[in-house]
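Labels run A, B, C and D following the written order; every chain starts at residue 1.
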Amino acid sequence: MRTAIRVTVWNEYRHELNSEAVRQIYPNGIHNALAKPLRDNGFDVRTATLDEPEHGLTDDVLNSTDVLIWWGHMAHQEVDDAIVAKVVERVLHGMGLIVLHSGHFSKVFKRLMGTSCDLKWRESGENERLWVVSPSHPIVDGIGEFVELEHEEMYGEHFDIPTPDEVVFVSWFKGGEVFRSGCTFRRGRGKIFYFRPGHETHPTYHHEQIQRVIVNAVRWANPRCGPIPVYGNAQPLET
Amino acid sequence: MRTAIRVTVWNEYRHELNSEAVRQIYPNGIHNALAKPLRDNGFDVRTATLDEPEHGLTDDVLNSTDVLIWWGHMAHQEVDDAIVAKVVERVLHGMGLIVLHSGHFSKVFKRLMGTSCDLKWRESGENERLWVVSPSHPIVDGIGEFVELEHEEMYGEHFDIPTPDEVVFVSWFKGGEVFRSGCTFRRGRGKIFYFRPGHETHPTYHHEQIQRVIVNAVRWANPRCGPIPVYGNAQPLET
Amino acid sequence: MRTAIRVTVWNEYRHELNSEAVRQIYPNGIHNALAKPLRDNGFDVRTATLDEPEHGLTDDVLNSTDVLIWWGHMAHQEVDDAIVAKVVERVLHGMGLIVLHSGHFSKVFKRLMGTSCDLKWRESGENERLWVVSPSHPIVDGIGEFVELEHEEMYGEHFDIPTPDEVVFVSWFKGGEVFRSGCTFRRGRGKIFYFRPGHETHPTYHHEQIQRVIVNAVRWANPRCGPIPVYGNAQPLET
Amino acid sequence: MRTAIRVTVWNEYRHELNSEAVRQIYPNGIHNALAKPLRDNGFDVRTATLDEPEHGLTDDVLNSTDVLIWWGHMAHQEVDDAIVAKVVERVLHGMGLIVLHSGHFSKVFKRLMGTSCDLKWRESGENERLWVVSPSHPIVDGIGEFVELEHEEMYGEHFDIPTPDEVVFVSWFKGGEVFRSGCTFRRGRGKIFYFRPGHETHPTYHHEQIQRVIVNAVRWANPRCGPIPVYGNAQPLET
């Protein structure tokens, strides 16, 4: 019998403590808002936050995580380099990784991408429309032609990432910008999905279609039993 | 409850009737050899062959097929253009397609690719080693670093296909050639996997790892409930 | 000494004859408007139109064309299938192809893509902003972060094309849509660039930045002296 | 008038000093062997080596380099992290980078890739055949269907790199392995080409076709005047 996918939702968990406006939207933190639909879909879900010991990402936690979800914003620099190195290593060894919104600037994502991951941004609560450009992708199972969010922070191109393996969503913003909002990357034996929406001052993670995308992404990023490549000195296979 | 994936295995079914050597390897035809492991994995499997009315691909069959597997070689030109058009249309509307070996020259594959699909070839029964170059891909679930086939026909580069979305396998041949042996392509809402091995004079489709790849590919190509894009004249979404 | 790149600009050339509004914008036809900046850049430029014998695309013309530019709209069906086959063959043998705007529905482009090439559209003269998403691409040499067009026809996703090799531009439209507006595809030994803008009722091809993109695309698509693959039966290279 | 492309050839330059066998092949160092055909093609070429101050990569040198070529092997760890950071930054700002052979394990390449860049290897002087799989690519201008090297070190898959933007060469090795030997990557505004051959004990860089590939790669990687993206807080373009 196949066991449940083990998901760890990591959240910086500062805005919710510092801002009444954010707390009203996410009274139990973004991590618990993200965790709920994942639990409802039968995944085995834990949460972890920056201010826990080892940021909640102990070896035990990382080694028993199939897919890690990452939300961070104001405190990227406080994430310990040793933990970052462990997370990156786990991804290269197969752990799935879903990076949300301002996580584009996290140490983990930048290390895995190798680029600045910079972009344009504007906090004006304008509407965003995420258009599906890859309709056969498993990440858009159950999604319509687009997902519309009434109020979101704007992120605009150029987004300084490596060429994505697949672009699943492209966003339209009222102010005149576009953005590659849903991108996949394979790194080592791990799969990575970057998903743009989720500014802390908007109720984006309560949106049913956004939840569905993240649930789909967890299934997509869940590691398979593919080959474990052997590296280093090798004897010839032919004689 | 999720119902079983409905697979139709299409086979030209001429070599088996014309050649004692081929018949010894595939006494019930290549289609039935391909069907067995698919049935063992719980798929709902039918077969269809060239010399049946409408090549066995009636509207009813096509409309109730989730994934079509295609093996053809000596009689590509006998496949009716009207059936080809229907198969292509079904793929663009979401049906998965797995094209095997000499199917690279089938009308269906060439129409979907838009190129000549030509390649180098040699029937000398040399050994082939299919190396996995995308270890996190679901198509190599349960597969080792490579699959080795003792005797196969050689296919060599340049393989005149569009840039694949993903290259999963690259083959090595004793005579000195390489080949992109496992390639994925998204077309419309359908997913296509080209898989090189399977010359009729070798028992390739009895090989357990080859069977596993095809089973994986069926799961990967199975259509999802993604968006059905609306085309044509469109009213503005903003006012 | 390197000789000039030989460009043939093909135009349907019907709107300009049938419509006074279009004629005011392109008094000598879209083909001549396109030809001018190409000539100014030192290319050896000819034009050809639908109503010439063989649509102006004789064997002599095709065989001495390095890069073909294609604009068509209302009369795709009148393009002779034999000429289409020759153009496709020439592309596969190395001729560059630049498909403009409504040429997405031309027989040539659909044959080379293998998909419906369908999309959303709206003629309301709204503004378009083409964002560069691949800033190191030779096609955007001399181009700013975006190109803005005051009035254009809208094309919206989903654009039913194969996954492009490279996406160079993504468009924003005031009405709420996005579009992959500049896409490259390698097919056979030929390079293809699809470039969205250029509705006949707007002066798009007089826009300096649009002209620059097309000039760059010609240089990019110009065939090189790469290998001419040998196909068919092959002797082993190893003994 | 277009000025010459400014190339800096960086070489670790240790094997040539420590080994008589290597010195016989490259009496003036690998860097000078690489520099010669580049100069013959009209480029403005400098060399730099590990044991020079700042490894020969001062700010002045880096800021006046269009394309950097990198050869390193036994002393990757001795390359100063501050210099590595500057090189990476220059690539992201547009400098082309050509990484040769064992440079796959250089700090610069690993930082830009974000993966382990590991692989299989064997020093047995077996023959290598580099097959062209992208015949329209400018990097194979003037190259035949394959390049054959009589004696080379083997590198085998899995090569732990991100999915390349383009795979230009795939190698065949007598011992039974394959390898993606010529790969392109866009990072920031810079273009990167990884090219496999060039073990220090074989005269690979004296091979005319190998030299031609590197000359082509320099032209391909030479930065263009594309847009310089503006990042950070942005005012709306629409009102």
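To be clear about the criterion, contacts are C-beta pairs under 8 Å (C-beta built on N, C-alpha and C of every residue); 3 or more make two chains touch, one makes a residue touch a chain.
Only a predicted model underlies this, so the values are computations on that prediction, with no experimental measurement involved.
J.: Decide which interface, A-C or A-B, involves more C-beta pairs in contact, and give its chain pair.
T.: Result of the comparison of A-B and A-C: A-B.
J.: Any idea if chain C and chain D meet via the same residues, over half in common, or different ones?
T.: same
J.: In whole angstrom, what separates the CA-based centres of chain A and chain B?
T.: Distance between chain centres, rounded to whole Å: 33 Å.
J.: Where the centres are mean C-alpha positions, what is the separation of chain A from chain C, in Å?
T.: The mean C-alpha positions of chain A and chain C differ by 37 Å.
J.: Would you please write down the residue numbers of chain B that are in contact with two or more other chains?
T.: Chain B, residues with two or more chain partners: 129, 132, 134-135, 145, 156-158, 163, 165-166, 174, 176-177, 186, 188, 227, 229-230, 237-238.
J.: Would you mind writing out the residues of chain A in touch with chain B in their complex?
T.: 94, 129, 132, 134-138, 140-145, 165-166, 174, 186, 188-191, 223-230, 237-238
J.: For chain A, which residues count as touching chain C in their complex?
T.: 129, 131-135, 145, 156-159, 163, 166-167, 170-173, 176-178, 180
J.: Quick check: in the complex, which residue numbers of chain B touch chain C?
T.: Touch residues, chain B against chain C: 88, 92, 111-116, 118-122, 124, 126, 154, 156-158, 160, 162-163, 165, 174-177, 185-188, 227, 229-238.
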